[in-house]
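Each structure below is given as structure tokens.
Same chain, two partners: chain A is paired with chain B first, then with chain C.
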Partner chain A sequence: MSKYAAAQKQAEPAVLQPTPQPKDDFQEELVVRPLHSGDIYASFQFRTLWETDFMRGNKVSHYRLFPKSLGQVISKFSVRELHISFTQGYWRTMQWGQPYLPSPPGAELWVWFQDSVTDVDATWKELTNVLSGIFCASLNFIDSTNTVQPSASFKPLGIGNVTDHRFLRYATLPREIVCTENLTPWKKLLPCGSKAGLAVLLKSEKLFHSSFHSQAVHIRPVCQDWQCKTTSWELRQTLNVVFDLHNSGQGKREWSLFKMFSRTLTEACPLASSSKIYIDITDNPEQFELSPATSLLSQAMVLGDRRTFSVYDLTQQDTFGSVRSLNLLIRWKSTEGDMLRPLLHAERYVAGYGLQTGEIHTLMYNHHPYRSFPVLLLDSVPWYLRLYIHTLTVTSKGKDNKPSYIHYQPSKDRVRPHLLEMLVQLPPNSVTEVTVQFERALLKWTEYTPDPNHGFYVGSSVISSLVPSTVAMDTNSTRERPLFSSFFPCKEESSYFVRVYTEPLLVNLPTPDFSMPYNVICLTCTVVAVGYGSLYNLLTRSFQIEEPSPGLAKRIANVIRKMRGVPPL
Partner chain B sequence: FTLSIYLSIYLSIYLSIYLSVCLSDSAGQFFSSGHTNNWAVLVCTSRFWFNYRHVANTLSVYRSVKRLGIPDSHIVLMLADDMACNHRNPKPATVFSHKNMELNVYGDDVEVDYRGYEVTVENFLRVLTGRLPPSTPRSKRLLSDDRSNILIYLTGHGGNGFLKFQDSEEISNVELADAFEQMWQKRRYNELLFIIDTCQGASMYERFYSPNLMALASSQVGEDSLSHQPDLAIGVHLMDRYTFYLLEFLEDIHPASKANMNDLFKVCPKSQCVSTPGHRTDLFLRDPGSVLITDFFGSVRKVEITTEAIDLTDPIKEVEERPANGDVHKEMHSYVDQLPVSEIIHQKPKQKDWHPPDGFILGLWTLILLVFFQTYGVKHLRHIF
Partner chain C sequence: MATTEVERRRGQLAALSIAAVVIIVGVPLWWRTTETYRAWLPVSQIKELAKLQLQLSADVEVVFARGTVTPEQQKKVPLTQTQEEERAIDEDTALRYRYETRYRTATIMEEDALNQPSAAEADLSLHTLSESPCGSLVVYVIPESSSLLPEDVNVYIGQRRTALLRIGPQMRVGKTLEQLLAHLEPRIKQVLQVMSFSHNDITAALSDRVRFSPDNKESIADSMRAFKSSPGYEITFSLLNPDPKSHRLHWDIEGAVQTYIQPLLTKLSPVANFSIDSQTLYYTMLGVNPRFDTSRSAYTLNADSLAHVINPVEARLGSNAASSNPVLNFLLYVPDAQHSPLYIQGRKKQEVPSNAFHSPRWGGIMVYNVNGFYGSEPEFPVDINIDMAKVMGVFLAQLRLLLGVQSSTPPPGFLVARCGSTGLADWELDRLMWSRSVENVATATTTITSLAQLLDQIGNIVINDNIAQQVSSAVTSLQLAVAELEAGNLGFALQYSKEAILASEKAFFDPSLLHLLYFPDDQKFAIYIPLFLPMCVPILLSLLKIVSEARQRRREKQAKKD
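What follows is the complex of A and B.
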């Protein structure tokens, strides 16, 4: 670069200095956490930081590490924050603990727009169409019937002062399938693609043969330094996967990179400033052993607990050893030990019988022995389940628990869904149950999907909460921290923010017999044909007398008589 | 002496003319097909796990077409259901075309443009005719022009004159013929190859009437197309016979191959397919023997030579990006509180936008006013108010 500048200076002094490109930085990391049930949880995070301004007049035209397709989406639709996730499977909190980045089954998209957007709904519709082309998903099914505007949940995760919820839109597609065709464009957004670095491990045949698979893209503005005077855009691509002991592990409590991903690592991404693998060894050495051994250790305060990690730095050549490839091996030594029980946990199910009415029950568990904390419950129910809000009850420990904040927006048929947001205080060591009755609507026959007997999905409830932590959380957001602990901003030391998703519901709606139009047409046409046909014949048929034609013998006899000149028979 | 000069001049002129004729001949041969880009529209119309073979059919044609050079941006792939990540698939993220799981046609690099419920007759016809809503992304559009060769492949369940989409609607052969006529009138294709692998497939191309269409079908009217073989591990039939032998034929084709359409017509004779494949070439202007397979299945980029020169001597000046020196005192940003409990509890309700009263309310008030005036009369108004 400098030689070119020097050559330019010699050739033509009038040419301007090549301006320094905005600084961008790429980091990748993989966190592996062995779970108590013998499964293993791997979380990939790829973060690109770029100090640039998409919003001002000058168009950004030189992209280096930041993918151009997403940069153009941000500037064209004036996006302030974008979070999109594709998940296959349901996260089992009680067996696996809390995930580093939660996501609901199916597809979820929530976006904060800038203040300058005048028509948020039209921009939202265009944005979903463009994203459906980028990620090869049917996000174009997101329209006003499944989009809501939460009034208190989903505050921006990036920097900002104004939080006018008019600029927020949230939608889920619980039916959305995730497969290789979603992973392929996701991998193409990475600077190294799937050719170098940690992304070589992302092989679809192994990733989708798992209990849980989630890939997400998060874009938000973040602070550059401690004073937070300059901001830069952060793009995080995350992939969480849980491999099952019996499906992928063949029943043996022994995991290695090759067993999980059918690949080993040979080099870090050359464009990455840091490329690390963290193995959660807090339960080591009693529980399991790790090889090859490493001397690097790191401690991090994540999810309200202090965890210890073994670190493998892929930018150091000696990590790969003499065989030039890294294949981590984790072997269980014993199967005892309890898991740290997660403090907040939620379930949801449909009760009732028949195809007329039903009841939705949401249960929220607070496992803390003496502290109570508030949770914000967001429920978005499609319009064809007509909720009776007068039957809404919130009970904890058998007594009525009045929420301190309720926001309810009723649905409008075929226009918008129900939105229910409640701030509920969960008493310590208790179960809080929220029940509401509903009635099922009969849809028009063209509104049914081609397979209506499968059922209709209701998206997951979202429970956001500040859970008290056992250790002091780190509030300094700009210190060098591993990526998995720096996603949710932390304002105070005594609690950490957590988001829990419940199961999606599958309800059967009364389904008509789709062959009835054909039956009706056949019957009507038959009746009309028979009735009208007979009437027409009776009215227009005229009768004529006709001699029957004589038989063969008579005809021969008549011919002979004619020859004889005698009158015929 | 002068004679030899005249002779040499004459010879040189003759040689140059001869050479230029030769070159233009080979150049002419190079440009003989008349198309400059290739597109493919591959549609699988069946839903449900037991129709695994239709998805495998479409994906194997997709694979061949990609291998022969057509990029993903020029392929519109429509799969009505997901077989690879279906919960009944014992090997997730794979779709096999041959028993013993030899060939994974799904692969690691696949981009499906229309999937699931999006595969409808309306969307298919909109893709063909180009009448899509303005916010449709590029990957879902067929952006062909009048020099494009398009390959259209349909598979699913069909009957005499129709093809079933997702068990809930059908497309008829008349609609399809009209769509191709619209494409012709809008100059959206140069030549079009239509392949269909369904029962009674030949009925679908009976009604075509636009020029430059060539059609192949896996069975005649009154015949059923049969599937190839089941796989006992997966539990369903993996492919249809016609497409299985078509895939075998295409695996031998490479981008420089000289095989022509007559070889394609011979794929899967009655002895292998049990049904009789049919084809229709009367609307096609060129002789099928001179049409290369790669004219439709591959993507051979033609180069047009121009003699104009472009002046590149001016240096490109870089636009100076003015650094933001203006705001010396920048405001301090901070992260937003994720769950501000006190703020939420004391949140004021949103100011709802005022809408003019609805038709029902207007009608109700009109009725009330009419009754009022009828009862009391206008002249008594002075006394009431």
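What follows is the complex of A and C.
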């Protein structure tokens, strides 16, 4: 004991030393948006900022809040920006409005590498394998046949104005199924895990019992101040979930944290510098009531609209009240009121009949009453749908709409997919239709998936656009803002950035009967054997004329003739 | 009659020629088109390696200081002397130790160095005079009257590759040179076993090849503690803070690594590459609930329950995403405010002074109590600066153990110098390099021989040129490593053995070996039978017919003769 006491005594003066200011910072946030359909949308964001430098080759190896596994990935593969999302379900833009962070069904991964990387393809391959291990997902199925290098649609979201798209890789796996095994490693990246703070709400039995579930990790370098003197790395972990009115809400327009997540909140993550819950009450503050009520209100420009939020600050002890637990209750008083129609919306389907050809239709809606705006459409189609690019037509309001920019990279069989990118001007209040015909290729029998009759997925089209805003957007990127409104950088006040994903397509390919190879072998062998048998007989048998044996009458006659002593017939 | 006979002969000839075509053209064609590609492997050399005959050669220089030999004896001192010792480990593995001893008398400068007041200083100045190469030793024989060593110490082992050996009292004067050498020989051997390699170390290093006979549990436990030889290691320091609400921990890991760990790793760089990182994990609990000990008003962890501590923590540690080298984990656990102080109890209920333990081939855990920081009126969260010197002292000792730098207790009469700032003496590095080279050779030979065996047994495996090349480079490196060990070039031997291990593992784990591993014969025959059966049956039948007819004819001829 005395030894310990001595050691502790020695260490005691150290308390008086000024403790070093940590260079990292963690924030957590939950936004709840009651939707007009009666469903409810909850969006979690966790942000870790770390003032460090992965870029210039010096080894970063001491981690505090930033997860070590991701840090190692960044420094080993010289990643400049990494965005990965896993989504189950499809976001219904017309019912629910725009999401804070869009993502396509399945898995999506896009990465900007630093320009010091020499062999981008090999690095990308290795990176996807490592990420698939970290997130327990089938990202290892990403190879050259589903990877593209978009020339314009995916610009870096962080600092750095690299536009050389040789260092960009984009891939989607629309088939990927997201479940608990992806959520657990995602939660493990949080400093507080799921032990404290908002993350205690993330229980998989509720999260996956929902209409829409999307979790994502975004890593990028950002500016620390408005002059951008110091840069830091930002890790954003987001999780978006939509609970269904009938399925999870038992048909009652009344939601609470407990009803949604089967948990209530008791504390903020002690490591978080800010921990807040925002409830979107813009649409009609008198239409639903919140309990406990909060006097804190905040306004933010989100997706071209000024929204009002009730704010609950979890770092304040009085938020939890006397019961030391926060169970937010949102109750509708009436169901009236209209949703603001999203200005941009898109859908896609496959047309045609038979198993030889087909046609992909992409419809883009501009709901703005008087403004037209340009959109960037990105389509990545697997090689086994052979696009006939000469059949590409773009029409809006019955008239041909010539895209001002087309970037098309034809596919190579079994090597790379088609990439079609174009810039289309959408006239006000219109539907623009993009059609292209394709032919279905016949695959080799080992290339079919285990359930080929289910069909083959074609990833979502991506539509990126600067949509005119009705209110002035906030362009100051360093001002303190809620996390959900600060993801996409905003360069000008009059417009805001929107990315819309269409549905993935499910296309049937001509599918053979898989016992066919053996049948063919048997049939050919039989044919060969029959031909060979007769040839063999012809060659080896010796033929001689044989007297046909006499008929019965003749034999009897001969017997009689013998008895008579007459020579036989 | 004649025509039918001619016809019959023609038919027979046709059947024979078809059979001939099938056998001469068809079968080879089928064989060649369905053959799997198997590149040439150096099978005979691999078989030679399966029978491993390792020879370890160590150079020892014995320097007589003034007063140990008379001038007449000095002239008669033999220049070199070689000793060999052969030990068979099992039927496939044999070891031969070869000690080459060179004798000379000390130079004037060395005499001056030996006249320094203390052994440590003498060691340092001898080192500055001449630097002996890796794997060799210099033993200075000093007179009995020398004041360099304390009374009861006969041998002093320095920080470098030198040892001071005090001549025994029975060798005072009037002894012949032969007697002197005979007296020195066993003692020099003892020094060698401490400073370069002992038979126990080498057999432990061969554990990959040779099954241990469990006669000595202690030595097996020792050999199981250290990590297996690998070209690189990842060292991860993790600070576990299960209670971030009450403790705000600060540790200067960056500085501590620079001061305490890096010098050791720099020294060890010929053995392996190391990379270090650290992380802080919050809300990580130990797997067992510590018991409250009222007599000490502290919580205790029993030695028996330590085995259960690691598993729940390990799930949070995270594997290294960037490499596949083995990871050494060092955890610093700060118990939460409710369960502190926490002490680890040994098997005999005694307190463990370091409050730390290690897990073989995994890493170490240290419990760091922070009750001293609370003060009289603790106001949570408390800011705590961790005393890194204390922590790193424990971790450094564990690191040495886990890397296999054995600090075996020296025989009586030996004094081992305290290792300096680097944390590792030169001869300790040599010792490690000897056992690592042998271990690498043993592992690489077993990998290569088992790969050859596997490829030999399963004929369906495709052997790419790539694999063949890896195998032959592994074999070449192995042969070189064995040769260098024989020549006593330790550094090169280790280098080649590392290359051998890399190449052999690469060949063994090549994914292309798995491709057509399972292509069963019954399915192959199911595919061939529809073609082979209708083709072969008529050929066989007509051949049988020809044979039986020929036999018949011979019998008839025989009958005619008779």
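We adopt the following convention: the second predicted complex is superposed on the first by the 493 of 569 C-alpha atoms of A that agree within 3 Å, B and C clash if a C-alpha of one lies under 4 Å from a C-alpha of the other, contacts with A are read in each partner's own complex, and residues count from 1 in each chain.
Note that a contact is a pair of C-beta atoms (placed from the backbone, for glycine too) under 8 Å apart; a residue touches a chain by one contact, two chains touch by 3 or more.
Just so you know, these numbers come straight off a predicted model, no measurement behind them.
In the superposed model, A:V130 lies in contact with both chain B and chain C. With both structures placed on the common chain, the touch criterion links A:L363 to neither chain B nor chain C. When both complexes are overlaid on chain A, the residue A:V528 reaches chain C alone and has no touch with chain B.
Of the two partner chains placed by superposition, only chain C is touched by A:P67; chain B is not. Once the two complexes are overlaid on the shared chain, A:K229 sits against chain B while remaining clear of chain C. By the touch criterion defined above, A:P191 lies against chain C but remains apart from chain B after alignment on the C-alpha atoms of chain A. When the two complexes are overlaid on their common chain A, residue A:N140 makes contact with chain B while staying clear of chain C.
On chain A, the surface touched by chain B in one complex and the surface touched by chain C in the other have residues 12, 15, 19, 130, 133-134 in common.
Those residues of chain C whose C-beta lies close enough to touch chain A in the complex are 4, 7-8, 10-12, 14-15, 18, 236, 244-245, 248, 250, 252-254, 275-280, 282-283, 296, 316, 318-322, 341, 351, 353, 355, 369, 371-373, 381, 383-387, 390, 526-527, 530-531, 533-535, 538-539, 542. Partner chain C is touched in their complex by these residues of chain A: 1, 3-5, 7-12, 14-15, 17, 19-20, 59, 61-65, 67-69, 72-73, 75-76, 130, 133-134, 188, 191-193, 195-196, 267, 270-271, 518, 521-522, 525-526, 528-530, 532-533, 536-537, 539-544. Against chain B, the residues of chain A that register as touching in their complex are 12, 15-16, 18-19, 58, 88, 125-126, 129-130, 132-134, 136-138, 140-141, 151-152, 155-161, 163, 165-166, 175, 177-181, 184-185, 203-205, 207-209, 223, 227-231, 374, 376, 404-405, 423, 449-451, 464-466, 477, 488-489, 491, 497, 514. Across the interface of their complex, chain A is touched by residues 47-48, 82, 84-85, 91-94, 106-118, 133, 135-140, 166-168, 315, 317-318, 320-321, 330-341, 344-345, 347, 350 of chain B.
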